[in-house]
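Have a look at this one.
Think of it as A, B, C and D in the order they're written, each chain with its own count starting at 1.
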Amino acid sequence: MIVGAMGHLATTAMVGVSAMKHGLCGQTGMVTAMDPFSRLDLEDPGDLIFGGWDIRKMDLHAAIGRILGDIGPFDATQIPIIQNDLDAIARNIFPGSAFNSGSAIQELAADRSMLNGRSLVDLIAGLASDIERFKADNDLENLVVVNLASTEPPIDGPAADMSLAGLERAIQTDDRTAVRASTLYAYAAIDAGAVYINFTPSQCAMFSGLVDLAQKKRVPLMGSDGKTGETLVKTALAPMFACRNLNVLSWQGYNILGNMDGAVLAHAENKESKIRSKDKALARILGYRPHSQVSIDYVPSLGDRKTAWDFIHFEGFLNTRMTLQFTWQGCDSALAAPLVLDLIRLGLFAKQQGESGLMQHLACFFKSPVGVEEHDLHRQFQRLQDYAEQKIKQGSRDGLLEALN
Amino acid sequence: MIVGAMGHLATTAMVGVSAMKHGLCGQTGMVTAMDPFSRLDLEDPGDLIFGGWDIRKMDLHAAIGRILGDIGPFDATQIPIIQNDLDAIARNIFPGSAFNSGSAIQELAADRSMLNGRSLVDLIAGLASDIERFKADNDLENLVVVNLASTEPPIDGPAADMSLAGLERAIQTDDRTAVRASTLYAYAAIDAGAVYINFTPSQCAMFSGLVDLAQKKRVPLMGSDGKTGETLVKTALAPMFACRNLNVLSWQGYNILGNMDGAVLAHAENKESKIRSKDKALARILGYRPHSQVSIDYVPSLGDRKTAWDFIHFEGFLNTRMTLQFTWQGCDSALAAPLVLDLIRLGLFAKQQGESGLMQHLACFFKSPVGVEEHDLHRQFQRLQDYAEQKIKQGSRDGLLEALN
Amino acid sequence: MIVGAMGHLATTAMVGVSAMKHGLCGQTGMVTAMDPFSRLDLEDPGDLIFGGWDIRKMDLHAAIGRILGDIGPFDATQIPIIQNDLDAIARNIFPGSAFNSGSAIQELAADRSMLNGRSLVDLIAGLASDIERFKADNDLENLVVVNLASTEPPIDGPAADMSLAGLERAIQTDDRTAVRASTLYAYAAIDAGAVYINFTPSQCAMFSGLVDLAQKKRVPLMGSDGKTGETLVKTALAPMFACRNLNVLSWQGYNILGNMDGAVLAHAENKESKIRSKDKALARILGYRPHSQVSIDYVPSLGDRKTAWDFIHFEGFLNTRMTLQFTWQGCDSALAAPLVLDLIRLGLFAKQQGESGLMQHLACFFKSPVGVEEHDLHRQFQRLQDYAEQKIKQGSRDGLLEALN
Amino acid sequence: MIVGAMGHLATTAMVGVSAMKHGLCGQTGMVTAMDPFSRLDLEDPGDLIFGGWDIRKMDLHAAIGRILGDIGPFDATQIPIIQNDLDAIARNIFPGSAFNSGSAIQELAADRSMLNGRSLVDLIAGLASDIERFKADNDLENLVVVNLASTEPPIDGPAADMSLAGLERAIQTDDRTAVRASTLYAYAAIDAGAVYINFTPSQCAMFSGLVDLAQKKRVPLMGSDGKTGETLVKTALAPMFACRNLNVLSWQGYNILGNMDGAVLAHAENKESKIRSKDKALARILGYRPHSQVSIDYVPSLGDRKTAWDFIHFEGFLNTRMTLQFTWQGCDSALAAPLVLDLIRLGLFAKQQGESGLMQHLACFFKSPVGVEEHDLHRQFQRLQDYAEQKIKQGSRDGLLEALN
C-alpha cells in the first residue's frame, strides 16, 4: 500500500510493473534484478498487488497521463495493454489523510474531511480498517506500506523526535500539534504488522518511537528519503576527494524540478525538511564540513525532469585551486520507482527471514539512512552485497541441512 | 631519480617538497599523509633527494618558472626561499636518452647524441653509471626511479609486450626497433635494484619482461599511467551506474590541455598510447562495453590547466533516457605530483618489507594498473587501506614479539 | 521538392505543416511567423505541396516513426489525424540519385541504378522530368527545390568551385569526377526555373556556376548549411566578446549526435565538408583567428538529440584569463524544419518580387551564407528585418499608387 | 573620484592604469581601445588622476594584495614598479560615509562617525569640500565621480524614486529615512559639476531627482549597475531565442561569488537590489515574461572569481523541448575595471561635447540603463558605435569648417 498512490512516483512504479509483465520493458534500474540479489528468493514484481491512499480525487489513468511525456519511449498507444492492471489497482485506493500536513499539502486535498477533523485515535483506526480491507479483498498475507507522499514540514522543539511513550501519549491525549499524517500512516502500518518504508524526507514519518514500535511488533522498517539524484551523485563523488586527500572548499548544489514534489517544495517549510536531509552526507564522507549549500527551486516547465548543477571548488597540492562541476538531468520517477520495488522486495524478504527493526543494510537506498553513519554510496552498496551473499550462503547451508534430514 | 626531471610534473613535485620543508604549504593531495598510511613507517618527504634525467638542456629555475602561473597561490616572491634546494637538485640531473622515442619527443632533445646513435648495451650502461654516480654523490642506500617523461608511441606487432628473454635478446642483438628509451631506463633501474614506477602510459616502459626482471632482482615495481583527472572521476562515477543497474548507453570524454604533455599528445602516434590506457576502465566496471570515446586535444592557452568534459547518456526504468555531464578543471601537475611522492614512499616501504614484483595494492594510483582487473576507484582504495591496516597490525605484532624476546 | 525527402528533417517539416493545419501545434520556431515577416504576403504553410526525391526505398510512415521519440510531445496517437496528408505526399516522392556521392551515402541507396550508371545529361534530364511531372500532377505554378540530403564529401583541386562554363562543359563531356548528385539536382532545379535552397554543407551543391545559372534564369537561390545549433549559439555569443574587447584565446566545440546526419558524418570525407562550413564564422566576427577546433562525433543513442559542448578561453584586463562554456541540447530536426519552411516562403516571395541570384538577406539562416561576409547573427537578422520593412513600405506605396490610378 | 576607492574593482582599475603606463599590460577589455572609439578624442587613461572615498581604514597596498591572486598573471614581483603611482593615489582617498547604508555595509565602517551622526546638509557639505580639495590638490579642471561601493538595500514606498523637489526637501528637513549615502555622493558630485556614473545597482544612487539635477547643472550622468557577467551573456544570448521564434519556458540563473560584493549580497536586503536589477532584461528582449529566477550566493573560497550557471529551457517546432546551459567563470574586477575606465573617458568626452543628462548611448555598459528600454546587448552596442561614428563625422566637418575659416 502506497501513501500518495496517485503521485508520479507511485503510478510510475505501477505502470512499470505492468509493463514488465507484458514484456514492454525490462528491469533496468532495479538493483534487485542484478546478481547477487537475483539469487535471493525475492517476490516476483509481477506478483505484487498495489493499493494505497491519496488525498486527491483523481482518475488513475489521468494520473498516469501526466507522467507519460517525461518517462521514456513508453508511449500512449501502449496504455490499453496495461489497462486491466490499472483498473484493478484503482479499486484498492482509499481516500487519504492530510492531517496537520501543512498548507502546501492540505491545499491538494479533494475534501475538507481529509484535513484536521477527527481525533487521532479515530484517524488511526480508519487507516487500520483500510489495511484490513485491502488485505481481505486481495487475500494477502504480507503487506508493505511505503510512504511516497509529498514532503511535510519538519516539527521543531521537544516533539522533534518522539519516543514510543511520547507518541502513544500524544495519540491518547489527542495532541494535535505533535504529529502529522505521515506519523499516523506509519503507526497504523507497523501496528498491523506491515513492513514499513519511508521514502520521503518527512521527519514525522520516522520518529524514534515508530522504530521502537517496529521492534515490539517484530516488523522490519527503514527510511528516510530515497537517494535518486543529486545526492546519489554526491555520495558517489565525495569519496573520490576523500581518498585523494583533496580539500573540498565549497560544494554548491542547485536543484530545479517541476513536478508536484517541486511544487510542494516551493513552500519554505516543506523545503526545509528536504534540505536538512540532503545536507548531511558530505561532512560524514569528508570528515570535515566544507562550505556547502543545497537549494531546490520549482521550475514548472521541467515536469518530472529534475536537473541539478553542482559546483565543487577544491584545493590540492601547493594549495592549487581546482573545480569540478556536474549537471544531472534525470527523470525523478523513473529513477525512484525501481528503488521502491527493490525496497518492497527486500522488505518482504527481511520479514520472511524473521528480521525486525531498522534494515540498516538498505542504507544505500536513502539520503538519510536512519541508524547508519556511513554515507559513502560504494561502502553502503558493499554492505548490501555482503548481506545478500551471506543470506545466499546461509540459504544453501539450510537447504543442505534440510536435504540431509 | 626522475625520467623527465625538468618537466612540469617533476618540478612541481620538487617545488612541493621544498615548500613543505619551509612551511609554505601542507600535504594536501598526498594520500600517504592520511590515516592509516600516516601510521606506516614511511620516508619523510623532506628527506628525499631528487635527481634524474632530461633530454632538454634547461635551467631548473626556468623550468619551474613555466609552471608557476598554473599552480596555485604559490607566487614568484617565494622562490628565493627554496633556491638552495633547487640548486642541489640541479646538480643531480643527467642528460637523458630519446632513443627511438618517436619524432614528437625527439624534436625536444637538446642534442642529437641523445637520439639513436649508440648501441643498446652502451645506452643501458650509460644509465647504470648515472645511477651509480647519483647514489655515490648523495650517499644513498635506496633508490626509486620514476618515469614521468612524455608519452612514447606504442609498439605494435610481435614486439608489443616482450618477455624477459625477448628483451635481453633484443638488447644483445641491438634490435633497435623493438624497444624505446623508456625500456632502457626501466631495465637499468631494475637491474640496479631500484624500485621502479611507470607513471606514464608508455607501453614500452612496462613490458612483461621488465616485471620478470623485477621478480628476479627482488625489487618492487608498478604502473602504468597516473590516474589524476578525467579517468579518476570516471572510475569514481561509473560504479554508481553499476550499483543502480542503470544502463550506460554512451560515455563520451573530451580532454583539452596545453602543457608539454598536450603538445606531445597532439601527435597521433603518441595520443594512441594515452587513449588505449584511458579506454579500458569503463567496460571492466560496468560489465559491458557501452559506446564510448576518449579524445585529447592540444589547446595551448590552457597550459597545465587540463579541462575535461564527459557526457554520459544512460537508460533507466521504463527505458527512460537521462544524462549526466561533468566538467573537470584541474591542474595536471598539482594533481599528479603528490601521487608521485606517495608512490615513492610506498615503493620504498615495499622494498624495505621485502616485497618484490608488481605492487598490486597501488592500483588506485594508475589508469592501467598492470596485473589488476579492478578499476573501481573505491574498491582499489579499499585494497590499499587493507594493505596498510594489515602492515600496521603485523608491525605491532612484530614489535610485541620483539619486546617479548 | 525536397532532396532527401524521407530524412528526419524533411519528414519533420511535413509532419509539422500537417500538424499546424489540424491545430496540433503552433508556429513556434518559424521566423516568418513573427512580425514584421507576418505582414509580408507570404504563402500559407498549409498551402504548400510537398514532394521530392530519396535514394532509400522507405515507407513515409516508417520514416516518420523513427523521429517521433525525439520530437516533442507529439505522440503516436496523433498520427492518424495527419495520415491523409502524408499519403498525398508519399505519391510525390521519386527515386533519387546518389551519383558520385561518396561511399557513406551510396551505401544507403535502395538500388544500384541510383549510383553511377547513366550519363550526366541523362541524369539531369531524369530529374527535370520528375520536376515536370510533380508540377503537372499537383497543378503548380511555382516551385522551390531544397537540398536536405546527407552531406557529400568536398571536391578538392581545380574543380573545387566550378564556373558555369566549367559546369556545362563537365556535363557535356560527361566528366564524372567533377560533380556530385547535389550538383545535378541544383542544375535541374534552377534550369527549370525553381527557387533553389542548399540547406546542406555540400559544396558541390553550390558551385559558382550554379549561382550564375540562377542569374541567367532569373531565379533566386541561397545556401549553404542551415544554422541551427552550435554555430547558431557561436555566432550569437562571439559578438559579445568582440564588443567588450575580450581576447578569445581558444574556442573548442565538440558536437555529438546520433541521427543519419551523424552516421554519414562519422565518415572522415563527409565530416570534412561540415567542419569547413562551421569553422569560418569565428574569425570573421572577432577580426582575428583564435585557436579553435570543431569536432563532430557519432553517438547513436542520441538519435536526433544533438548535443554540443563549447569551451571558450578568453583574456581580459590585466591579462586575466577566464572561461565560458555552454552545453546545447537541441533536437536537430525540430530546429531545422521551421527554418526550411521559412526559406521556402521567403524564396517564393523573392521570386514573386522579381528578385534573382543570391538572396543575401537570408544570411541569418546559414552557417556559410554564400556571398555574405557578415557572420554576426544579430546583424544578419537586422538585415532580414530591414528587408522585410522595406518590402512592406514599398508594398503600401504600390498599393496606394494602384488605388489612386 | 571613486566611491569605494579601496574595493577590489577600484584598485584593479588603478593597478591596471599604472600597469598600462609601465607597459606591463595592454588595453584588452577596454571598449574605448577599439575602433571607432579609438578615433574619438578621449582622455588618455594614463593621464587620469584617481582619488575618492572609502569607509574602511585600509592601506592601499594591502587592498591590492587581496586581489592579486585572482587577477591574472600579474604577479607580486611587479608591484614595486607601480608603487609610486599607488602612493600618489593613496593621498587622494578621503574617509567615506555609510549613512543609512544598511547594517551589512555599516559593519565595514572603520569609524562610527561615518554612520548616521551628522545632518544631511552637513554630510553633503563635507563631500563637496572633499571634491574641492581633490581638484585643488591635483590641479584638475574636469571630474568624474563613479559609485563603485557595495550595494545598498532598496527603499520601498513613496520614497522609492524621488523627484528633485522631494530630494531637496528631504535634505533640508533632514529626513533621514528617505536617502542613503549613495544619494549624498551623487548629489554632491552633480552639484559640483562632476560627471556622475552609478556602476552599482543601488537605487538611491539614481533617483529621478538626481537626473533632473544633472540636467539643471548641465552635466552628463548614467547608470545603473555595470553589465559584466551573467547578465552580459544573458543579453547576448536572449536575442538569439527571439530571432529564431523559440519560446523560452524557463531561464534560471545561479550566481556564486566570494568577494566583498558577495559578502554584502549575502544579506537579504542588499541582495534584493541586485536581483531587481538583473531580472528586467529578459522580458524586454523576448517580449514576454518566461518563468525566471536569478539567485546570488556567497561562496568565500571563490574570491573575485565569480561563477554563474544559467539553465534555459525552451520550446521549438512541434512543441519540442530543448535546453541550453552555460557556465561563466569570470574575474569580477578584471571584467568591470576596464568598463569603469571606458565610462570615465566617455563621460568626460560627453561633458566636453556639451551634453548633459542621461547618456543613453552608454546603455550597453549597464544592467539597468536608466531611460533606455533596449536591453539587447548587440543593439545597445550598435547605438554606441553610431554615436561614435556620428561624433567623428561631425568632428571632421567641424575641423574642415575651421580650416576653411
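Rule of thumb we're sticking to: contacts are C-beta pairs under 8 Å (C-beta built on N, C-alpha and C of every residue); 3 or more make two chains touch, one makes a residue touch a chain.
Since the model is a prediction, treat every value here as computed from it, not as a measurement.
Visitor: Chains in contact with subunit A and with subunit B: which ones?
Guide: C, D
Visitor: With respect to inter-chain C-beta contacts, which pair, A-C or B-C, contains the greater number?
Guide: B-C
Visitor: If you average the CA atoms of subunit B and of subunit C, how many Å lie between those two points?
Guide: Those two chain centres are 50 Å apart.
Visitor: For subunit C versus subunit D, what separation do you get between their C-alpha means, in angstrom?
Guide: Those two chain centres are 44 Å apart.
Visitor: If you look at subunit C, which of its residues touch at least two other chains?
Guide: As it turns out, subunit C has residues touching two or more other chains at 73, 321, 323, 325, 327, 329.
Visitor: Which residues of subunit D touch subunit C once you look at their complex with the stated criterion?
Guide: Residue positions touching the partner: 12, 15-16, 19, 25-31, 33-34, 70-74, 232-233, 236-237, 239-240, 243-247, 315-331, 334-335, 337-338, 364, 376-379, 381.
Visitor: Per the contact definition, I'd like the list of subunit D residues that touch subunit A in the complex.
Guide: Contact set of subunit D toward subunit A: 249-250, 252, 254, 256, 291, 293, 295, 297, 299-302, 307, 309, 311, 313, 321, 323, 325, 327, 329.
Visitor: Enumerate the contact residues on subunit B facing subunit D in the complex.
Guide: 69, 73, 75-77, 327
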